[in-house]
Amino acid sequence: MFRHIKELQFEAMPERPDPLFAKKLQELIGGQYGEMSVMMQYLFQGWAVRGNQKYKDLLLDIGTEEIGHVEMLATMVARLLDDAPVNIQEEAAQDPVVGAVMGGMNPQHAIVAGLGARPSDSVGNPWMGNYIVSSGNLLADFRANLNAESQGRLQAVRLYEMTNDRGVKDMLSVLIARDAYHQNQWAAAIAELEEQEGLLVPSTFPREKERLDVSYKLYNFSEGEESSTGRWAQGPALDGQGEYEYVSEPVPEGEKPVLKPAPSNLHNTLPMDGTFRR
Amino acid sequence: MFRHIKELQFEAMPERPDPLFAKKLQELIGGQYGEMSVMMQYLFQGWAVRGNQKYKDLLLDIGTEEIGHVEMLATMVARLLDDAPVNIQEEAAQDPVVGAVMGGMNPQHAIVAGLGARPSDSVGNPWMGNYIVSSGNLLADFRANLNAESQGRLQAVRLYEMTNDRGVKDMLSVLIARDAYHQNQWAAAIAELEEQEGLLVPSTFPREKERLDVSYKLYNFSEGEESSTGRWAQGPALDGQGEYEYVSEPVPEGEKPVLKPAPSNLHNTLPMDGTFRR
Amino acid sequence: MFRHIKELQFEAMPERPDPLFAKKLQELIGGQYGEMSVMMQYLFQGWAVRGNQKYKDLLLDIGTEEIGHVEMLATMVARLLDDAPVNIQEEAAQDPVVGAVMGGMNPQHAIVAGLGARPSDSVGNPWMGNYIVSSGNLLADFRANLNAESQGRLQAVRLYEMTNDRGVKDMLSVLIARDAYHQNQWAAAIAELEEQEGLLVPSTFPREKERLDVSYKLYNFSEGEESSTGRWAQGPALDGQGEYEYVSEPVPEGEKPVLKPAPSNLHNTLPMDGTFRR
Amino acid sequence: MFRHIKELQFEAMPERPDPLFAKKLQELIGGQYGEMSVMMQYLFQGWAVRGNQKYKDLLLDIGTEEIGHVEMLATMVARLLDDAPVNIQEEAAQDPVVGAVMGGMNPQHAIVAGLGARPSDSVGNPWMGNYIVSSGNLLADFRANLNAESQGRLQAVRLYEMTNDRGVKDMLSVLIARDAYHQNQWAAAIAELEEQEGLLVPSTFPREKERLDVSYKLYNFSEGEESSTGRWAQGPALDGQGEYEYVSEPVPEGEKPVLKPAPSNLHNTLPMDGTFRR
Amino acid sequence: MFRHIKELQFEAMPERPDPLFAKKLQELIGGQYGEMSVMMQYLFQGWAVRGNQKYKDLLLDIGTEEIGHVEMLATMVARLLDDAPVNIQEEAAQDPVVGAVMGGMNPQHAIVAGLGARPSDSVGNPWMGNYIVSSGNLLADFRANLNAESQGRLQAVRLYEMTNDRGVKDMLSVLIARDAYHQNQWAAAIAELEEQEGLLVPSTFPREKERLDVSYKLYNFSEGEESSTGRWAQGPALDGQGEYEYVSEPVPEGEKPVLKPAPSNLHNTLPMDGTFRR
Amino acid sequence: MFRHIKELQFEAMPERPDPLFAKKLQELIGGQYGEMSVMMQYLFQGWAVRGNQKYKDLLLDIGTEEIGHVEMLATMVARLLDDAPVNIQEEAAQDPVVGAVMGGMNPQHAIVAGLGARPSDSVGNPWMGNYIVSSGNLLADFRANLNAESQGRLQAVRLYEMTNDRGVKDMLSVLIARDAYHQNQWAAAIAELEEQEGLLVPSTFPREKERLDVSYKLYNFSEGEESSTGRWAQGPALDGQGEYEYVSEPVPEGEKPVLKPAPSNLHNTLPMDGTFRR
């Protein structure tokens, strides 16, 4: 169960409206790695935890915080849209600066949302449930989370560089800091799990059931051997259970696939060349 | 530029058809973490590398290998669909086993694809470009890659457990092994980058520009303090630059947001309660 | 800013696992009119209110409640998936009941989510941001909300009829009751706004700017005149500003459209019949 | 069965081309509440009516009219795109007005459609089948329709304000008038149904099966009590069957959810803290 | 402008309900090549024709017919869903045939649509605007149309083979016949255009502007030379302007791409290996 | 199995950066008819061929080439984005040309991709698996391929006309040439198949099972008889098996559909007018 407090977690007040930046800032709301994604990802992961209350509590702490981040961003976008030049089409033709703003705005900010935030990204794609993952395996999911916070902080930093508005920068400096903590925090949670389970996800699958002879090989499928000099191509593997190996000339192990004709009631093209055998 | 060799990298021959399993196996082709995703993710990342030929080569080595994995899976799905019971509607009513197969099959396997693989997941959602990421920041992207290989191996393992077909298990045991290598390999590449850049993505943003006072805090937004006992809540942070702190009672720092009325030509509801001030 | 309380708003405990029903229940989580939709719709509307704190507070009251409903449903789905028969492929062929369950389950519940809820609907479509609306016009949006609660309660009632599990029915009886309140509540809010603004959205557009001569006509575009007997075809209009009129034989008012040839550099097909005139 | 008349229902002739407005006008064609949506929504609802020929006829009258509205808009968009500056890239750099036009146009209007309309919205999202609803319950669906006409008229009005082209305004003034009628008309149909069935959808579900003790309560989940002053928080409910009640301090009724561990063959993270009990 | 006639173009009456077949038949309504696609494709193409009234009329003749085909299919689906076993969950466990039906039905047919058709395909994906094309180039678009009618007839034939219901077969035999005509008809329209314009789309682009030395070559990128024996690998090209050529060993013509570092404010990974040169 | 060669198949080097053109060029990467579509379409078709090694080899030859085309375009987009003005927001307000560039850029090129290509089209829609088709019927699929190459060449030609950059034009002149070959080549493959199978897809369905009396008729559903003068309206049909016929006044053959009431547990609106009969 949730409760809402009217105050924002952190301030979200720009110095002045900027509808072009409002469009860009949407990436942090409804983009693949926006706050809707981390919010829903942590909540779904938290609700799905089976045992492990410590991790469940952690996921719900942060997932709940992220709802408030969507709120801050939605508030900021609404304010950046204040006074947007939405109906002076003709003057625009004369004032190129206004024209550029009107041409560059997200038209849905005015037509659909009446100067409110949209649940979509900086080019207008709606947020989608398949941006997130909750797998039931915490090590896998914490890696997804570390990834999300890394991409998210990178995007927030890029947006920070794209504005000179002090108020926007202030809010972004908070989000950047929180993303820094969340990287630090998921990294710690990952370290804790890797200590117990080892590097590989999932850790519980008996390794003898996989084709161990190909578990440590880098195949050189792209001409050129620059990649052979990396730590992943020689020496002990990070999982402590094998030795990396570089395969300079990978050869196929399988056969040329030849498929059986389809049943006639599917009306596929029939084989004309007698190639089928099995 | 690419070349194709007719032989499969590894064999993809089931013991017998199984259209229900073919439907499930689609998750590894066109799912969020299927082989189409890693293939396109590594290729786009490789093509976007600016400098750093070692990493570019690595990305293209693996991206190219993954095209061949889509090929193996597409071949396997086609064979699992051999002889699928597509037109005996009425006997089905009498034989419940056949009925279950027919009710449980992906109908597009027959109607749309003529018993071929589909570029979609196990419930029929088409693969989408926004499953992948290529950000230009390699540490961020390698974390995305480690995540993808972790989720991917987890899914392959689950599918391995869902079949008794020796041929399918053989192919999956290879994919599981390759995903193990790829976890080992991205982990090594991440370690290499973290050694140079530190833990945080991006490493080049001056930390004094972020709100450092909130960069190491875990806010207790979900009642209950189980999460306060983790490594992320006290002691030195993994980035070596701060000390984790647990905030038991987070308080809002921002104000209650009050938005300005919209321009009248947008025909929003006007404020009726005189609440606006700025 | 939000806080999370560990207890559920209402209980979500089924009597027994039922993976087929878990699949169906996903409609109430991630469907077009599921709880993710009302949650995000009310929150986005609330965050966008400009003035009118009473409505803002109302939207955030209910939006916050709905986050907790997603939580209840996610918990219920996870429990319905307990002990799902995910790996006994071969016995299934012998036990048709188990077979039907395995064939009918959402495969992503096992492969992707490890027996957790998914952010998608009953056929597996991911939830999308464009299910929701927040327009800045409260009368328009409250009608969207009344619609959502009507469709939502209808779906919850249908699901109630599809199960005999006492625990599931108990939870649904709560959701059905809440949807009843929310219909009652949005209807009241609509009545309040209509009293001030009248029936038409938006109320602020000067009516003389619309083609008033066609503002009260029902055109009989579908042969047969059954629709001419409704209240919408004669008598005073509900907006109190006109008289309904039934047009039995609608005639076109516009011309046949003839479009100008495209510029040659677009390489459209050129007109071959000299038809263009303007 | 349908027939097409070459003339447009109403004229669709702009005074002059305006590719930027063409982009915006797409919202009324392929947006969430565009004419494709109402057209398909009314047709699908009409085709699904079981009995009730009066409503079926009404739905098909209007659904058929809406096909003609898509036609008018597609014609208008094509004309607004006449002579669009699609290939003078270099002059554009010198003439900022042309530059703004070229930068602000929907590139698919030229590259994909050769200056024709697109089945998508103002930011380029394709129209989707899940924008519409047809539930089989007419009161629910008529509320969806009233909502669609409210959002649709609001958007048309906003677009009317964004142009000075007399021809475009003329066409929009017709669409605004028709949307006014359709609001008037669905409101009348709703009133007719509510008279028979009452306020709640669906009306046929026995109320004693819902948790009536929570059917009239507003829970104060968002701090602050502004919403307690509304008509929805006290006095007789609009459905005439209960009394509204305001709950200032909502308390959870459910337990903390604790989920059972997943079967081992799913390779979820195992519980490490012995928390499971049921 | 359109008119609707109550009677169906052709009968759509099954002998008996069959909810599993209703699910499959959705492919012909809302699938990539279903009737919604051809309907919208022909209408959008027709509305976009610039000059060429003969083709415009043709497109609108057929586009209008296809609306009626969606109507026939929606009617058929509704009837196939009559009496669907939607609420006898528990008997289902005892009767495997009913169980298979209930497990195999599209759950949205009952929960969302109340036994009506859905604007989506056989696995539940919503129809999307980007299934269709209207390019302004008629030869290109007529090829799209011939393709759509070919895939569409193939799917209708496969569905015909999957049922024994006489009424369903009767309706499909009509749709199959109409798709046969439409193949015949688009093929004739294509022949007419090719006679005037030649084989290549677009015909108006000066051929000397393309790299004519590579305009007739088949590159052997997939090991094995089976494809060298086709008509496309030798002899005069079908466009009458060149000679097909088979290139057994394709070699790259471009350089290894080396990209310039990104500006520092994007915080991409910096080159560490001094590889950039331009 | 695939291999990658570092060199590009053809050069991809613009004379100078042009972020606006980079946005447009995305249509050729991730658009409905971009190179990702032909690449995946040919590979999936190739992998699904059952027998017919000549066609399988052909599909894999070209599918493999197309991967290299995505690579060329991704490289070109990255170079067009070099030095994009991503952070000088304020100067932009003063320099309208820079402003137009910044307003017109795809914001995800900077924020998400760090100046790399995106797997999406010119308006930002992600590439989707349902852009492609692989049906198992080669004649159907080769028509899809001819269509794709026709639309693709048309779009490449339009983009060629929109730029003056010599390097971009050089690359496009190659892609235009390859699309010319591919039209020539699929046309030849189609001719070869039609010679054996005839015009209609599928050729194996016994024609007597279709309603042959409607297989050659053009119904005049759109008022006006311009379409009656085409080759498709009279004379021998192209399939050599019938005579085209023009039906000036099409009449419905079916009845008015009247649907049976839904079961009461679905809570649809009940019929109020006693219209049901069957």
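Order of writing sets the chain letters: A, B, C, D, E and F. Residues in each chain are counted from 1.
Convention: a contact is a pair of C-beta atoms (placed from the backbone, for glycine too) under 8 Å apart; a residue touches a chain by one contact, two chains touch by 3 or more.
Nothing here was measured: the structure is a model prediction, and the numbers come from that model.
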{"item": "Touching chain C and also chain E, the following chains", "value": "A, B, D, F"}
{"item": "Chain E and chain D - chains in contact with each", "value": "A, B, C, F"}
{"item": "Copy pair chain A, chain F: interface residue numbering same or different (half cut)", "value": "different"}
{"item": "Distance-maximising chain from chain D - centres being C-alpha averages", "value": "B"}
{"item": "Farthest-lying chain, centroid of Cα atoms versus that of chain E", "value": "A"}
{"item": "Separation of mean Cα positions, chain E and chain A [Å, integer]", "value": "31"}
{"item": "Computed distance of Cα centres, chain F from chain E, in Å", "value": "9"}
{"item": "Chain centre separation in whole Å, for chain E relative to chain B (CA means)", "value": "28"}
{"item": "Contacts with 2+ other chains: residues of chain F", "value": "1-9, 32, 47-48, 50, 53-55, 60-61, 63-65, 68, 75, 78, 86-87, 96, 99-100, 103-104, 110, 112, 114-115, 120, 123-126, 128, 130, 133, 135-137, 139, 154, 157-158, 161, 202, 205, 221-222, 224, 250, 252, 254, 257, 259-260, 262, 265-268"}
{"item": "Pairwise touch network: line, ring, star, complete, or other", "value": "complete"}
{"item": "Residues on chain F engaged by chain D in the complex (per definition of touch)", "value": "20-21, 23-24, 27, 31-32, 96-97, 99-101, 103-104, 121-125, 154-155, 158-159, 161-164, 221-224, 250, 252, 254, 257-262, 264, 266-276"}
{"item": "Chain A-facing residues of chain C, complex", "value": "1-9, 30, 36, 40, 43-44, 47-48, 50, 60-61, 63-65, 67-68, 70-71, 74-75, 78, 112-120, 126-130, 132-137"}
{"item": "Residues of chain B defined as touching chain D within the complex", "value": "154, 157-158, 161, 265-267"}
{"item": "For the chain D and chain C complex, residues of the former touching the latter", "value": "5-13, 32-33, 46, 53-58, 60-65, 68, 72, 75, 78-79, 82-84, 86-87, 110, 114-115, 125, 128, 130-131, 133, 135, 137, 139-140, 143-144, 146-147, 150-151, 153-154, 157, 160, 173-174, 176-178, 180-181, 183-189, 191-192, 199-202, 205, 207, 209-222, 224-227, 229-232, 237-239, 242, 244, 250, 252-257, 259-260, 262-263, 265-268"}
{"item": "Chain D residues touching chain F - in the complex, by the definition given at the top", "value": "1-6, 47-55, 86-87, 89-90, 92-93, 96, 99-100, 102-104, 106-108, 110-112, 114, 120, 123-126, 135-139, 193, 196, 202, 204-205"}
